[in-house]
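Letters are used for the chains, namely A, B and C, taken in the order the chains are written, and counting of residues starts over at 1 for each.
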Amino acid sequence: MAEQIGSLHFRLTKRFGGKTVLDDFALEVRGREFVTFLGPSGCGKSTALNLLAGLIPPSAGEIWLDGTRIDGLPPERRGFGMVFQNYALFPHLTVFQNIAFGLELRGWPRAEIAGRVRQMLDLVQLPGFEDRYPGQLSGGQQQRVAIARALVIQPRLLLLDEPLSNLDAKLRLEMRTEIKRLHADLGLTCIYVTHDQAEALSLSDRVVVMREGRVMQAGTPAEIHDRPQNLFVADFMGYRNFFSLTVTGGDPDGTVVGRAGPLTLAGRGAAPLPPGAAGVAAVRPEDVAVTGEPPGPNVLRGRVRLTEYLGREYDLEVILDSGQTVKARVAQPVAVGSTVGLRLPAERVVILLSEDGGGGIP
Amino acid sequence: MRGGGWRLAVFCFVLGFVLNLVGIVGHVVVSSFARRWFATPLPPDWTTAWYAYSWREFQLPQILTVTVVVAGSVTALALLLGFPAAWALARRDIRAKGALLLLYFLPLLIPQMTYGIPLATTLYRYHIGGTIVGVILANLVPMLPLAIFILLPFFEQISVNLEWAARVHGASRFQVFRRVVLPLAVPGLLTAGLLILVTTVANFELTFLLSGAGSQTLVVALYYAVFAAGMRPIYSVDAMAVIYMAIVLAILLVALRFVRPTQMVFRLDRG
Amino acid sequence: MRTEAAAAAAPLAKVRPARRLEGAGPALLVPSALYVLVMFVYPFCYGVYLSLRPGKGEGGLSVANYLAFFLDPWQARTIWVTLSLAVPNTVLTVLLALTVAYVMRRGIWLERTITTLLVLPIALGTVLVAEGINGFYGPKGWLNQLLLMAGLPDPIRLTHNYTGVMIALFVQHFPFCFLMLLGYISGIDPALEHAARVLGARPWDVFRRVLWPLIAPGAAIAFALVFVMNFGVFPSAVLVGQPAGATRTIAIAAYQQAFEHYDMSMASAIAVIMGAGQLVGLIIVLLLRGRLAATGVATMGAGKR
């Protein structure tokens, strides 16, 4: 239904005063794609979105949409839709008037506006709410009005700035599904900003992990989740166990072997790692399994220091002889103080290039 | 159209307004140091003699004493009466809170000339008019509500839990007041005190209507001097104006360390 | 300065959970409430009563004072004089303050310095400003010197007339109104403006469709306050105006009855008329505001300045 775009590509730098908030942030977004900017608070996600929308001018860079340069256009002439973090519904206008706002500015005839607005209200499942004011709506309802208001103008590109962050956990899940559904049904092109990795993984075709205004990694959710390319992304995506090691060898299929003190660890290399290189092995607690095997490659032994019941599983904190702690998530309880064997499956271990100083090991 | 043109126009207007302020204040200051000044950009001769002159001729020692007594008393009384009221309004369920706030708000809303005349009539009838006490009592009418409205938001910010925590940890009600409430209230009291002080020093109408021969404050004396221009050299009047200005600015400078300029006027967003 | 400083306007409808602690609450309010009742409400009522007892207080109540005021052209004219100052001045002040505050809503160069300077006339008060205007705008003041240098044949008379009072009122009330509106406008969530822009609104549309409806209620209150202050103008009208002629405002008339003719009864009547004039102005503005303000309630942030 919305006018399709072929591709949007941009390369942007933004400085506030002397502080560089976006540093040559570049990306290409294809039509119908759902791209997420993911990163910790203050990394420049909102700034990037505001630059794309034209709300603030870039310090340098350009934005191209289907072969036309658009960074000189004021926001009202870009034809994008935007959903704001706190919705920014006009408090003095009813739901109907809020949604009709963009159409009125485009000079639509009244009758058609009414029809379109009804249609949008059905789409976001709010029929009958036309005459309410934003102040009389719940958070989830406000959010749906904000989405309807952005969608009704058939935006070439929909920008969403943490639209779910103000909702409670249950509603957040519901709205996540709703956004996913709208994206699929309407064939929208979306750029979505969040700092919640679960949200990013479940919604996106492509995730862009950001740090201090730079792209750390861009890829499909599975790539980001399973094959982080650096410590920052690994840490952000939930890798909790890190072992510094020296690379001793590897296979052409990408497997890398290294020694971390007395341990031998094998895993998938994020990049070609020559023997002797300093690396870091990272593994998620969910991927660590309790085992009866004797210590050997990828099998460690340690003493359980802490267990935490999570409802279905248990979080273990195991202290190794070397003094390092390993976190594991297991299905069966293990007594505190007992000694256990832990297996780090090689296909689940990622071996990254160690970044001197730029660490990220928590 | 981009906003640039508007911004420039507005900036020029503001600049013009500020220059006009500088001119207004600057004229008074320059004139007070002029031996003679007549239609030239600056006076040909400078002198500080007018300050001594006006100190003597306008009986400034006595007027300054009255000003200090009035401003000090009004500030102290306004805080003393306003503190418990603001505290109660911020802390407890007052049934007629709306009506009370309206009552306190009226003396701030209605111009002083309007209620000053009936007030003066009443106070003169009881022979309080024309005395320092009368001036203090009259000035307290707008300053007490002012104190309450400045203190109220400060007190609303202080969590009740702090008081309860102190009680739970064994403090008596008096100790809670001494050790918890009072220290927390200090910023509010300071702000309110400074603003009331500067407002009272500059408050003209009520003081004017209520003061007699021995109970004039500095603004009122200044008014009479400007009113009777020609009786005394204008330079001496301006010297008195500069003394007045110095006092107000000194208090204002301290006050502006604690308040933002927009806090010096009505807050519209609660209205 | 009269009414400045953070003061909340109307009843706050904030419901606090009931707290049944030792209930000294009402007692704490008694002294201050009593003071306002005795020193403000009572004199006001007494003034109304007095105004209805002309002469030396013999006989019953009568409206003779009011009749006398309205039938005496010298007195009745003061209403016209006051209005001719108050209305144009209020319109000018609010319009300019609104424009400047609107353009400055997202900050401006040297903002803190400018706002601080603007506090000066409020803090210094009418008397000092009047004396300064007499000098600066006077026939031998800097402004006229500049104009003569620019080639004007004669100095223009800007003081001791209607213009002088207009200048004095503007210098006093523009900063007051501007700071008030700036605090109000900067409290409006900037995201609303952004949302409107992205939806296709040009700057003018943003103002007309989004920000003006949100600003209007505040602007109306500012207008009412400035009008009320202008209507009671006294020291400027005397010191920079022509108190015996062109700028003999109603406040001057009341003052003269009280302190020159010692007719407290008539003075009270004039004060009541002055109060009524302010009330009428207030009511008109608030009625207009009711029509201006859309039904929705503005969501205001804390106000950044």
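Worth a mention:
In this section, a residue touches a chain if its C-beta (ideal position, glycine included) is under 8 Å from a C-beta of that chain, and two chains touch if they have at least 3 such contacts.
The structure presented is a predicted model; accordingly, all values stated were derived computationally and were not measured.
If you sketch which chains touch which, the chains link end to end in a single open path, with no loop closing it. Across the assembly, the chain pair joined by the most C-beta contact pairs is B-C.
If each chain is reduced to the centroid of its CA atoms, chain A and chain B end up 55 Å from each other. Inter-chain spacing, taken between the CA centroids of chain B and chain C, is 17 Å. Taking each chain's centre as the average of its CA atoms, chain A and chain C sit 54 Å apart. Only residues 1, 3, 6-7, 10-11, 13-14, 17-18, 20-21, 23-28, 31, 38-41, 81-82, 84-85, 87-89, 91-94, 97-115, 117-123, 137-138, 140-142, 144-146, 148-150, 152-153, 160, 173, 195-196, 198-199, 202-205, 208-209, 219, 222-223, 226-227, 229, 234, 237-238, 241, 244-245, 248-249, 252, 256, 259-271 of chain B touch chain C when the two sit together in their complex.
Put simply, chain C touches chain B in their complex at residues 1-13, 16, 18-19, 21-26, 28-29, 31-33, 35-37, 39-44, 46-48, 50, 96, 99-100, 103-104, 108-109, 112, 114-136, 140-143, 145, 171, 174, 176, 179-184, 187, 203, 218, 221-222, 225, 228-229, 231-232, 234-235, 238-239, 251, 254-255, 258-259, 264, 267-268, 270-271, 274-275, 278, 300, 303, 305. Chain A makes touch with chain C in their complex at residues 50, 53-55, 74-82, 84-86, 88-94, 101-102, 105-106, 133-135, 149-150, 153, 159. Within the complex formed with chain A, the chain C residues making contact are 189, 191-192, 194-202, 205, 209-210, 213-214, 294-299.
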